[in-house]
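Read from first to last, the chains carry the letters A, B, C and D; within each, the first residue is number 1.
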């Protein structure tokens, strides 16, 4: 009997085959049907998920390669469920993005990536996890390389080299851990973490390997330089998935692997890690301020938003004294919230950037002007996404950021005070973008733009409503992971 | 004085490095193949030496691997040399400097 | 095991190897390669692996070296202008040699002498090949066949 | 048990919010229904506010809270709440009354605008956010509404979206106030950390009650100052006042509602709301945080009043006047006169809204002209506007007896005079009072007296729908005096929770004469200086200001707003641009180059062989000439397609592994 998680992971793969075999040249309808089916399964998972029970649920365990400790072990806890739901939300959203590449291969590749993402978020054994983790890399590479815009070769190679080198470092580290401890099971490894998984130089070496591998994926300053190029050149839908879900794999890895496995190492170099996160938070929006390309600008702000996640995680893990429970809970909840919120908000921003690009053919900030007069609806809904991204209360972005800051402030007040600069600069970036896109006299080149079309409204309105719902009454999201937060907080107690 | 394992290993290392030298420094494709053959032979020498100096046991794994390795090396040499001929026909050169169709 | 024999064979082999790597004329290098293989085969004899030594001589000296020579003959002219020697490669090779030697000498567990061992008979080898290693043997056979066909296809005249 | 209005207090802000949503969802062309919805929302909010106000009259020092859980994170909960006390109730009534007047006025003022419905949606949204702000019982909830108010202000300043100057002003307002808000945000975090709760009142466990304050201890000063940062930004205090005058780019009703009567008062309200944090551990009413408040307030009050003298735009004069008055309120709060400050805030809400709407009426009558030097003699063409404007001017100048501003100003002077640490603020404020009278006199003379100039030639009185709110507000500005006099200081007692009684003997106080003398001096000097303003006089051309003729250098200094904008442009703004460029450059070249350089180390062999080869020398030369781009070229050289290069890379990797082995062994 195949379990529900396996079904969710396999459905997109079957979909990919179906798209390839489908006689019509456009694979989008078929792809969307399979998306929807997985999403329905994910919703069923959510409905039957026991939010009060600790530990993994819906576990499926089969022997795979006993000789190297690899088993097929999937299961979800609150965090995994959150990310599965996010994936189910973002991928169909990305399929509807404009400008969309033609052909079946694009959709098939995206479906393969979706399957890999589901696998990554549900696998609980390192080998299996790593397999899915890498499986997501190759479709991403192909999507950028084949369907990307200008400089796609360079961007794709850079993306691949960075993430691939990171993965190699991580794999080697895990081999080291396996040789020392003889298991690949996340839960079992986490059990060793407290007393020190490894000792001496080897511990630092494995730590460094995993750290670099994950930091590239997130990305954390200064491993981020692949990101602006990649996000800029990738097709809109791919950028949405990259920022909405793929970047979360890194954060997920930090939560699931690095923090539980290396608590002592993180404590030792904690201030340096915090400084890196602060650099992400402060320098990325400053760099965004200097960008003229809309997608590149959003890409830099993505670095900033994930910097908050890293900041809170490091603060909790690196806290020199045992943090008060409320702070740990706030920081962890904030991170999870931010993961979800950034996923939908950044994807929406890319979606809008795509709409503008499709209408104008260009996407420089200076290529537009006075859009508010011509396309008030487009501008209005896009502004909502922008305000959500800059953390306006009442929209989703604020909840996560407030909790992150709340948790981090008690642990490391000075760093938090510096991190606030990031909030400010983000606001400057967006307000400036709104000024040059929406206001002023209507630019000649924009005078024939259509406003939001019916199909586009169907995409934008539900997502925006979700932003409002999370911003005003976020409890339904918190319910997903509250028990997981409590459980994880014990690690740091 | 009876020779230790180290001496054999050093000889093998020297042979390997010489092979590497040939493979890295010469421009002619056949020289590169010669270098690779030497490196493979050095590896075989290691297998045999470790087998001889290790604890005696059945089956003689080192010898077996060396045998297979020789067989595979032969196959490799056959294909490699065939490729040299094919490349020569196509480009009228065997100088690897000029074979950079895969330039990034 | 005789140290004197070992040293003589080793020096002989390495000298031939160096010649194979550095001689200007390809034909001379190919012939030096034959000498290298004979030397290695001698080392195998010294180590008590007579069967492998013989196989090496048959295969390398008998087949591979001949192949090399034929290839050299089949590609007589070379329009390449640069016949220079790349010293970068030499430095890397020396560095690799140094690194390997250093680690070999620094590993105490390698300073052992050969234990007494009963001679390895061809019968034993044959038995092992046909029992434990029967699958790899079949695979190698398949591989060789494939290589043979592949080489043939590669060297066939391109159709116009 | 709480009364119905306390448990349903959320309905007050919900009405305008609902109206805003409803307006946004109706078509752009249905103007009448949009206006009706907005006004209806405001009327319901007003009615509910009055109900709330009445319920606070039951007892002295009435306070009721309604707290609820917003969400649970981990096993912790975050609670928010609403509070109804005299401060909140008084603010509610003031905002809804003034707001209603302005809504009605807008129906006339914006009648021609093509985005009429959007305007009312924004206006209702603002009103809802502001009402939420005053009834919030949690610093976090205050912050949330605070930001929403800022958003509404941003949208409304930039309402005329096709004007680049409006967009720039909106941007400036949003960013400048957000600088203050970031301080406020840190204050929220700090308070939450120390007190463990953000609720103001929670049956003795709130952060403004005994136990919560005790937990704060010495950090209260920092928390208070950080919160004050937010107030500085929103209330346009020095040094973050620069956005407020520029905000006059918005439609005039917006200036009246947001930038005069309500939003800018939010800062003052906030300080009053969290006053226990400021006064914690006070010695004879003085703490270091309050001292900061006083000095910031004094600086702002005096500076803004000085700048107002040299402005020519009718709305800018009022804007600087607002800044100055807010400074005055801050001083009042800082020296301990909380009730006085809030009373002035309420009174200011009425008369400044009146003045702005009057200015709007003038601009409407003069067909969009805002330069006072081009007006003149308007009292004949616009009698109602003139009368109401004069009432507003008297109230703002602080003319005693009949105008509410006089009584509250007198009370502020009284409080300031007795501030223990220093008398300097008192004297500076006296100067400020004279200056206020002076610039208001100047404005009145320029606009309503003298000869009609260019813009006044075709001037006409505004329609009834615009003059009615003016009259209502003018009466409000006068009638409010009834509860402000020292003889029957009902409002003072209501706010402080002390019983009040009538005693006509207290009506006459020394401070009254000081105030009267100063205002008279200001008005008198004003009439003397500007008696011939707008006409040719001696060697002075007609278009030159008398003060400009007498003191050109000083006038230019003031007219250019003391060059503070320029100073910021040269320092803060250019610095942040440099930082942005630097970050971008570092990213593109340094970090990326560094990482690529790391990659190149792995491919050292590629570099090595190329540097030996002639091709390598060429690449090397290129590298030096092409600067940082050379690194990329070196990288691509590594991808040379040369198998030997790849082989070499493998060998180097092997060496690296050996080195690692050596390091570990």
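Simple rule for what comes next: a residue touches a chain if its C-beta (ideal position, glycine included) is under 8 Å from a C-beta of that chain, and two chains touch if they have at least 3 such contacts.
This is a predicted model, so every value here is computed, not measured.
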| item | value |
| --- | --- |
| Farthest chain relative to chain D (centres taken as mean CA coordinates) | C |
| A-D or B-C, whichever has more C-beta pairs in contact | B-C |
| Distance between chain centroids, defined by C-alpha means - chain A, chain D (Å) | 36 |
| Chain B and chain C, separation of their C-alpha mean positions in angstrom | 6 |
| For chain B paired with chain D, centre-to-centre distance based on mean C-alpha positions, whole Å | 79 |
| Gap in Å, rounded to a whole number, between the CA centres of chain C and chain A | 52 |
| For chain B, residues contacting two or more additional chains | 20, 23-24, 97, 104 |
| Interface hub residues of chain A, defined as touching at least two other chains | none |
| Junction residues of chain C - those touching two or more other chains | 86-89, 92-93, 96, 100 |
| Chains touching one another, given as label pairs in label order | A-D, B-C, B-D, C-D |
| In the complex with chain B, residue positions of chain D that touch it | 636, 638-644, 647-648, 651 |
| In the complex, chain D residues that touch chain C | 605, 608-609, 612, 644, 648, 651-652, 654-655, 658-659, 661-662, 665 |
| Parts of chain A lying in touch with chain D, wherever the complex brings them together | 161-162, 165, 201-202, 205, 221-225, 228, 283-284, 286-287, 289-291, 325-330, 332-334, 370, 372-373, 376, 387, 392-394, 398-399, 402-403, 405-406, 409-410, 413, 416-417, 420-421, 423-425, 427-428, 431-432, 434-435, 438-442, 473-475, 478, 482, 485-486, 489 |
| Complex interface listing, chain C residues touching chain D | 86-89, 91-93, 95-96, 99-100, 102-103, 106 |
| Residue ranges of chain C touching chain B (in the complex, touch as defined) | 1, 3, 6, 10, 13-14, 17-18, 20-22, 26, 29-30, 33, 36-37, 40, 43-44, 47-49, 51-52, 55-56, 59-60, 63-64, 67-68, 70-72, 74-75, 77-90, 92-94, 96-97, 100-101, 104-105, 110-118, 120, 124-125, 128-129, 132-133, 136, 140, 143-144, 146-148, 150-152, 154-155, 158 |
